[in-house]
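Heads up, the next two complexes both have subunit A, just with different partners, subunit B and then subunit C.
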Partner chain A sequence: MLTLTCPCCGVTAEETEFSPGGEAHLKRFGPGSSDQEYEAYMFNRKNPRGVHFERWRHAYGCGKWFLAARCTMTLEVFGTYAAQTLEPPAEIVAKIKDRHPGWEGYS
Partner chain B sequence: MSDMLNSALPGAGFAGFVTVNEAGLRGMITLRGDLSSPVLAGVLKDAMGLDMPAQRRVTQAGTAFAAWMSPDELLLMLPYDQAGAMAQKLAGALAGEFATVANVSDARAVFTLQGAAVFDALAKICPVDFSDFAEGDIRRTRAAQVAAALWVSGADQVTLVCFRSVAQYMFDLLCAAAAPGSEPALYA
Partner chain C sequence: MKRYSAFAIAREALRQHKGWSHAWTSPEPRNSYDVVIVGAGGHGLATAYYLGRNFGITNVAVIEKGWLGGGNTGRNTTIIRSNYLQDPSAALYEKARSLFENLSQDLNYNIMFSPRGVMMLAQTEHEKRGYLRTERANALQGVQTRFIQPAEVKKLVPIINLDGPRYPVLGALWQPRGGTARHDAVAWGYARACSDMGMHIIEQCAVTGVESAGGQVTAVNTTKGTITCKKLGIVVAGHSGALADMAGFRLPVESVALQALVSEPIKPCMDVVVMANTVHGYMSQSDKGEMVIGGGADGFNNYTQRGSWHHVEETVRALVETFPMISRLKMLRQWGGIVDMTGDRSPIISKTPLGNCFINCGWGTGGFKATPGSGWAMAELIAKGEPGPLAREFSMTRFREGRFIDESVAAGVAH
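Let's look at the complex of A and B:
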């Protein structure tokens, strides 16, 4: 079971109270970008077996979006943080490295 | 004709291992804005006598209640026949502020659940750990397939708010969860 803590309202609940929103920290490529950049933005996803960063919405709760860092293998959650964050926060990166010394890091 | 001046399921009740009653019409106003704004807090105090609730808490002043629904949303509860005028009063007082006021009384249904094992009944249908749920707390979640707000409104009492359109579903669900002999004995 995946258990998440919503950073917007402080509630800890299992995943059926939330809606998944796909990969986090995507950079948007819109008008003026190359076909390759636009295709990558639209379709290419990391889909890793292991450490992953995702968007979630507290759909049945406060209704807010937030971001989560978790392991797709074990469902261990390293932390949740504000949706208005452009890259994984340092303390969450440190926690992941502690748990997964071989992790290649966020790129 | 539709029965607009009645609540969703007038008089509906069930006596199981907790009692379930449809609570009748209740005035409800959604107030959205910056909850940390002193202007918002001042208007709430002046118009309704209510203190700004802390995260996931409910404050009371007489027959009025303010419930924390999200970082930018309050649910104000008051007698049904006062909601329209109060919504107008709040909207007037907040004119020019980054805030919205809406009378949502007729969009909702309210149920009162009473009994020592009230969390046992709700645990069957809500993905919630009720062990640290205290009087004056409010929690939005789902009850089976529909959204619900749960408020510990008294001793062994939970007030449940849902959309009016799912009132019959909610009532049937609550009755099944409270069926005599089906106590999970998790909390009581």
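Let's look at the complex of A and C:
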């Protein structure tokens, strides 16, 4: 079973305590953007085999949103970090590169 | 290809069954084909089959990274139905269901289609109203369904508990011509027919890249070398995102794990398919006697082909109330498959941003039932370069254009 640590309250719990919230770090495109940009923001996803950055909510705990870096092939969690983060923190990126030297990095 | 028949069985019985040949051949890939299809599951093989049968295109290779039919084709719960709310879905799924009726004869391969009837239980007032609406939509679409009352449900499924208390049965949407088929046999039958037409089915051959020039696809790189092609069809279900990435575009698709399980085999006790969508569980009895149970999908991106354990628990916990007798059964096996979910829970059969590259994906939790119709529509798209009437509404641009085929609302759940 997938185990996550909530960076907001520090609790480590099984996935049943959390709600998944989809891909993280999406750049928002709203009124005034092109159809392609809006479509990409609303619907198109990286959906990678491997390292994935995603949103989670500690639904049956503190209720706060946070972000996680996880491998979709193994369910290994590289780390969790605050939702108010625009891109993956350096220490998480370093940890992923340590585990997956061939990883092309966040883009 | 030697035809299978009662006469052939008798003939082989007299010569110690030495005359049977392989159902399909496993050739080494050529350097070039007119059409390359990635993915030898049911949908990919059906696409190849109808390319040959309907359009006479037989210079085709079907490339498979694993073994034939080893992905979701071999992992689903084999249910066939077409009781959808939206017109484009009903047309596509009803086409598939009607093709299933004659598929054994068509392929000369027994796919064990069993039109035993599919029942979708209404267990809340909301769901009952939804199914009454679907019943009327189906009447207009020419799909034979009927809303039946609890007494008739009990008559068709004697092992059911109608009274709840938490999930009482208020009626059901009944499609008597729905049912099940042997999922592996569908893939094997199509493979045999494709091989017979001279198509190449290349297993254990993973695609590692897609080459293009001037916005048109030119070749695929594989673990068995580069294969040039005039047209490329991507039919890889849960791995569509990875193939789209190689072809240079993104899809409105996310891959998650969907699970199923079977009980130990027991004597025949239920001869219809029952779906209980409020509790995300559905059940039928296989020819071997196992109760085949399908459950909910995980909510997070996953490529592990196994699901989270708590989904099994939730599914079975809910089904035990409706079918009290299953509480004493042991679980025999549990497994997962990677399904590709779109935002509107409807599939994509579409041209792509890359010229002469076509994609068939997004079947989510309910692709098996569509296998022949999906192949039929995809073959037409590849052969003509433009979608026919079945595929037209399922373009990947529908998200940009706001033309959703919203079955997630229609069904209330993933389907």
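Please note the rule applied: the second predicted complex is superposed on the first by the 107 of 107 C-alpha atoms of A that agree within 3 Å, B and C clash if a C-alpha of one lies under 4 Å from a C-alpha of the other, contacts with A are read in each partner's own complex, and residues count from 1 in each chain.
One rule holds in what follows: a contact is a pair of C-beta atoms (placed from the backbone, for glycine too) under 8 Å apart; a residue touches a chain by one contact, two chains touch by 3 or more.
Please read these numbers as outputs of a predicted model, since none were measured by experiment.
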| item | value |
| --- | --- |
| Partner chain in contact with A:Cys8 - subunit B first, subunit C second, else both or neither | first |
| Subunit B versus subunit C as contact partner of A:Phe43, first or second or both or neither | second |
| Which superposed partner A:Thr74 touches (first subunit B, second subunit C, both, neither) | second |
| Which of subunit B and subunit C A:Asp35 touches, first, second, both or neither | second |
| Touch count on subunit A, higher of subunit B and subunit C | C |
| Touching partner for A:Tyr60 - first (subunit B), second (subunit C), both, neither | first |
| Touching partner for A:Thr16 - first (subunit B), second (subunit C), both, neither | both |
| Shared subunit A contacts, counted only where both subunit B and subunit C touch the same residue | 16 |
| Partner subunit A, residues of subunit C touching it in the complex | 239, 241-242, 245, 250-255, 298-304, 308-310, 343, 399-400 |
| Complex contact set, residues of subunit A against subunit B | 8-14, 16-17, 60-64 |
| Residues on subunit A engaged by subunit C in the complex (per definition of touch) | 1-2, 15-16, 19-20, 22-23, 35-36, 38-40, 42-49, 52, 54, 70, 72-75 |
| Residues of subunit B that touch subunit A when the two form their complex | 55-56, 69-71, 73, 127-129, 139-142, 147 |
